[in-house]
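What follows is a single structure, written as structure tokens, with notes after it.
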Amino acid sequence: MAQLLQHLINGLAAGTIYALVALGYTMVYGVLKLINFAHGDVMMVGVYMGYATAFALGRDMRSSLLGVAVVFAVAMLGCALLGFFIERFAYRPLREKPRLTALITAIGISFALSYGFQLDLGFLPGAAPRAFPEVIEPVEWLVIGDRDVVVWNWQVISFGIAVALMVGLQYLVFRTRFGRAMRAVSWDHRVAALMGIPTDRVIALTFMLSSALAAGAGLLYAIKDTSVSPLMGLYVGLKAFVAAVIGGIGHVPGAVVGGLVLGLVEEFVVGYAASTWRDAVAFGFLILVLLVKPGGLFGRVAAEKV
Amino acid sequence: MSAAVQETKAEAGAPLLQADGVSIQFGGLKALTDFNLSVRQGDLQGLIGPNGAGKSTAFNVLTGVYQPTQGEVRVGGQRVNGWLPHQINHLGLARTFQNIRLFRALTALDNVKVACRAQGALHPEGVGLGAKMKGAFINYRDWWRALLLTPRFQQEERELTQQAEHLLEVMGLSHRRDEEARNLPYGEQRRLEIARALGTQPKVLLLDEPAAGMNTREKADLMVLIRKLRDDFKLGVLVIEHDMKLVMGICECITVLDHGETIARGAPAQVRNDRKVIEAYLGDSYLESHGGAA
Amino acid sequence: MRRLAPMLLAALAVMVAACEKKTQPAPSGEGGTQAAQGQGAAPGGAPADANTILLGQVGSLTGGQATFGISTRNGIELALKEANAAGGVKGKKLSIRVYDNQSKPEEAAQAATRLITQDKVALILGDVASSNSLAMAEKAQAAGVPMITPSSTNPTVTDKGDYIFRVCFIDPFQGFVMAKFARENLKLNTVAVLQDNKSAYSIGLAEVFTRKFTEMGGKVTAVESYSQGDTDYRAQLTAIRKSQPEGIYVPGYYSEVGIIARQAREVGLKVPLMGGDGWDSEKLFELGGSAIEGSYFSNHYSPDNPDPRVQKFIADYKAAYGAVPDALAALGYDSARVAVNALERAKDLSGPSVRDAIAQTKDFPGVAGTVTLDAQRNAVKSAVVLKVEDGKTQYVTTINP
Amino acid sequence: METPAIPVPEARSAVPASLRGLLPVLLALPVLALFQWLMSDAPFASYLLSVVGVNIILAVSLNIVNGMTGQFSIGHAGFMAVGAYISGVLSLNLKDVALSFLPVAVSDQVFFVVSLLVGGLAAALCGFLVGLPSLRLRGDYLAIVTLGFGEIIRVVVQNTDAFGRALGLSGIPQTSSPAMVYFWVFLTVLVARRITGSSHGRSLWAIREDEVAAEAMGVDTTGYKVRAFVISSFFAGIAGALFAHFVPIINPGSFTFVKSMEIVVMVVLGGLGSTTGAIVAATFLTLLPEGMRSLFTLLGAEGSLAQKVDQIRMPVYGLLLVALMLARPQGLFGTKEIWDVLPRWIPRKRRGLA
């Protein structure tokens, strides 16, 4: 029973990260119908930015509340800027072109970033995974029995941040002017432009938002698993993408639920079945979900108007 | 229900297309209620109604795009509830679309050839396992013929081209033969859609606002053409049309829909004077659209 | 169709009936001669430039195993620098060409072929990952160019033929070392195994360890696995915790082991971790922090070895690359030095001569132990067991084959 | 409809109809023989061109699904893996068997072809299974299912002892030759071209253009999509099987999602729907890293630069992709084919389609 509870907590913690990264996929997909394959790599860059900032701050500074805030702010702003440039130079010129074209540039950027960060050029940490400094001092938040079940403070913090971000996003999308513009662009960006919505600006902002979100998620991830590596974006990105699809890509709460569900499924496969089959089960689960609900758990396949 | 069918048409012959108490519901919205229809060979029927009356929905139910929540659709006597559109098409039901849906990057000729090819020997009659197996085998054989470029295949391709060219000629599109569909002018795109539908060798042809966007002159030509097609190809035709003049001019029987319900049915003169029709249809949209002329 | 099917069936029947064992032996050795003929007069080839001897290295410089390739490269580079400073070989300078294989075997084979046929290197130094070394070995053997793998421990690599050598011990020995150490020195009765399912090396070690440990009377309580690149092992560790082992064998790479150690402590596993040479990297201490303290792993060499040769190597390496050399760097260094030594002894630079010279390597004093190549072209070496203490390794014991 | 009364004219061509099917193959064989003769003394060129050939087969076959049919598959490496492993295991087991009435070399080739076909068929079967979800799924959702399939294959291989698990399968007889690879390249291209020129191809294009309309015009869209998947995965399987017979070891790491993406990149860069584009892009992108290697070696043959340059290839490759897509968003060839602009005496299909 205690073990079950522990698995549940582990799964939720992992799922939270998937969910946060999935949110970024879902937002961009929502407005552009583009699978932003570079999303995971943007996240990775964000983590390296946070890594560099944390070291620049020094040991004492970085574990203070202000320090943590600075680390997050730098990484998120930096990534927002990166997202802006990627959108401006790699995606915008292709907006009116077939959708797959932008996908290829996304892959190109993903390659450039993930391989670029492996270079040992001196100013980059190189290909090896590095330990991420402890910006949040790990403290046991809840202990049951003889450490049968342990909940850590960062697990609670991550979960809280994820929920807050999700609620915030939901508010942003459905309650603000910008959100309305986003939804309009999502519905049809040409018509939206005709209605006087500055589509370019809305899309750029969405990208920046999703990139900043990726940086935040990446930092939480790095704090959770205490490491950072150039390839982390590839692995997390793929899983988060799966999570977004399970929830119904383009659907904000769907991404969160998808992430949590995926995290839990993986955890329980490893915990109670064969750990070697984890990835196969994760993808099998995805396929199963799609066969039963072709639009994901929450998404609806828009019945094409005939 | 059958009483309603009886009164529409007196001509002999089994109905090629029949809708029997068809209803369809999207969530809570009833898009079509108790819809009845019967089309025989040589019929030229109209389906009218104000915007959102459920005309296109009716087409979609008949052709299998939507599944009826109640009632049944029969094509050539065969119950087709649950069938896929292409299977229904093979029974002899072809359609055009309100918002033109050509294969835009294909040439006019290829558009028609797609439709021509999907027919005939490729798809044996019947829906049982035996027919399915036979269909699968024929298909398999046909792929090999295409890949090996057998003389038989080459002959068939030539026949297809002939057939398609003939249809283009009938629709007056021969000069557009090798033009990509997306480059054709609007009116010609409409006609190409009809040519394509004819390519499937239908027994019943459903035309969804074929005259939309045409001027009076073109409309008149189109009316003549539709009649001619019905006679030459021995079709039953069902037309959705917004333009009352066109419908009144060519249709022998008209069904009027409003909010998914059939509010009138009968000969043009009869429908024109129906109070409900005037209220629902002529009352607003007809008068509006003809306000300038009146 | 109707006519075709019986014909096909008949043809099939004839073929099945005609099947027989090949009369010749499987063409394992034959490939070499064939290709050597194809290559013309100079198998292995002499470099175009008369004043340099060109060597080749194929390594993982990008991709998941990039750090291993880079360490190896540094070790080799250092060895060649020293050799050149000492006047080179046969009056010629040594030069090396390094190609990346992106951690993929097909790229490894391509790069090896390029080195052999385009660059005409005298000798190839192989990769770390056994899959990649196997791919290269096939090409090197076929072309008759000697190849030394510094650190591929999978036994099958040197089975590829008489041109393929290695300067490290093999997996079965290493698995045995840790099983013995766990059973006899640590006196453990129950151990859980956590293996990297994406790595043949890890699976190989885990298998041998499980078998040997059981033979010695111990019990393996759980076998869990992860995939290289994962960073969350809490699920596996929670499951392992339930089986209450006295130790955990994690024959993975440092890049994952460091994180595993932290998470093991996090879920409340306080038992010692044990592993293999994949652990050896300075970054292990960074990644594992205090959690990795008190763990043991088997290795090729210990930086604590007071041997002046070893200490000089460590000092030189630190000066050049700013880090304590890991086992891969040490083995890279050794492989290059074995190669240089053999080139010096060889009567000429042709493939067969160099091969024979390498095969005769005996009691060669490497930094990672003394290298003597046996008939299977494997180095017969002892292994050391190291303990992690105070953010560095501490020599514990040496275990002989 | 009335059958048109006009008699169907015979095709006006110098080549008799019965021969047109076989003629390209007959023409290709001597060319391949010549090619093999040229390659016999160049192991590196052979290897590199074999890789190029395999990538061409992969790109052209993926183009049947992604380009012609307008579906979106990103799991092509999975089918390749199926072909590689199935044929690899078969060849490994038949290694020591020979047909008594044939010389050993010939008998080896016979077994090689058999194992190629088995690999291809196994992949085709998987293609059928993956194609089935297209009954219900569209666009990106189908894409993720294909991706998931590829990953599942990888996990299965990693957990199966017969497939060598993480180490991979080595010792597969290296019976492949550039001529064999290019024979299959040729067949793949021929099949792709003949599909385009046939009613089946038109149906696929119709699905790409407008699925609803195609269905209404009697095209069995599901059936055609599944068939496109089957054909495409058959050739992917063949490509994998060829791969297994000239790369000394096959390993799950060679068939990851990254490999699938590389193939998608080739197809899109070449121009979705253009077989010519797929060929050119596959060739270009395969040779590009090797070309960069040559260039960098030339530039920095000595010193530590030479040891670092090889790492720079991949980021540069990524940036080049972006640049190329920005410069030609419709792909190098759009939907055009080389045979659309060939002189008239070569039989070709009418302009427009494609």
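Per-chain numbering from 1; labels A, B, C and D assigned in written order.
Here, contacts are C-beta pairs under 8 Å (C-beta built on N, C-alpha and C of every residue); 3 or more make two chains touch, one makes a residue touch a chain.
Because the structure is a prediction, the values reported are computed rather than measured.
Separation of chain C from chain D in touch steps, taking the shortest path, is 1. Among the chains in view, D has its Cα centre nearest the centre of the complete protein Cα set. Two chain pairs are in question, B-D and A-C; the one with more C-beta pairs in contact is B-D. Centre-to-centre spacing of chain B and chain C amounts to 71 Å, using the average Cα coordinate of each chain. Averaged Cα coordinates give chain B a centre that lies 41 Å from the centre of chain D. Mean C-alpha positions place chain A and chain C at a centre distance of 36 Å. Averaged Cα coordinates give chain A a centre that lies 48 Å from the centre of chain B. Among the residues of chain D, those touching two or more other chains are numbered 158-159, 212, 311, 314.
Multi-chain contact residues of chain A (touching two or more other chains): 115, 118, 120, 234, 276, 279, 306. Shown for chain B are the residues in touch with two or more other chains, namely 65, 97. Interface of chain D with chain A (complex): residues 66, 72, 133, 136-138, 140-141, 143-145, 147-149, 151-152, 154-156, 158-159, 212, 257-258, 261, 264-265, 268-269, 272, 308, 311-312, 314-315, 317-322, 325-326, 329-331. Note for the complex: chain A touches chain C at residues 3, 6-7, 10-11, 13-14, 115, 118, 120, 126-131, 138, 146-148, 150, 152, 221, 224-227, 229, 231-232, 234-235, 266-268, 270-272, 275-276, 278-279.
Within the complex, the chain B residues that touch chain D are 63, 65, 84-86, 89-90, 94-95, 97, 101-107, 109-110, 113-115, 117-119, 123, 139, 142-143, 146-151, 153-160, 162-163, 166, 178-180, 196-201, 232-233.
Listed in rising order, the residues of chain D touching chain B in the complex are 1-2, 4, 6, 8-9, 11, 17-18, 20-22, 191, 194-195, 198-200, 202-203, 205-206, 209-210, 212-223, 227, 335, 350-353. Interface residues of chain C facing chain D in the complex, by the touch rule stated above, are 15, 18-24, 26, 35, 38, 61-62, 73, 77, 95-100, 102-106, 109-110, 113-114, 116-118, 130-131, 134-139, 143, 154, 156, 196-200, 202-204.
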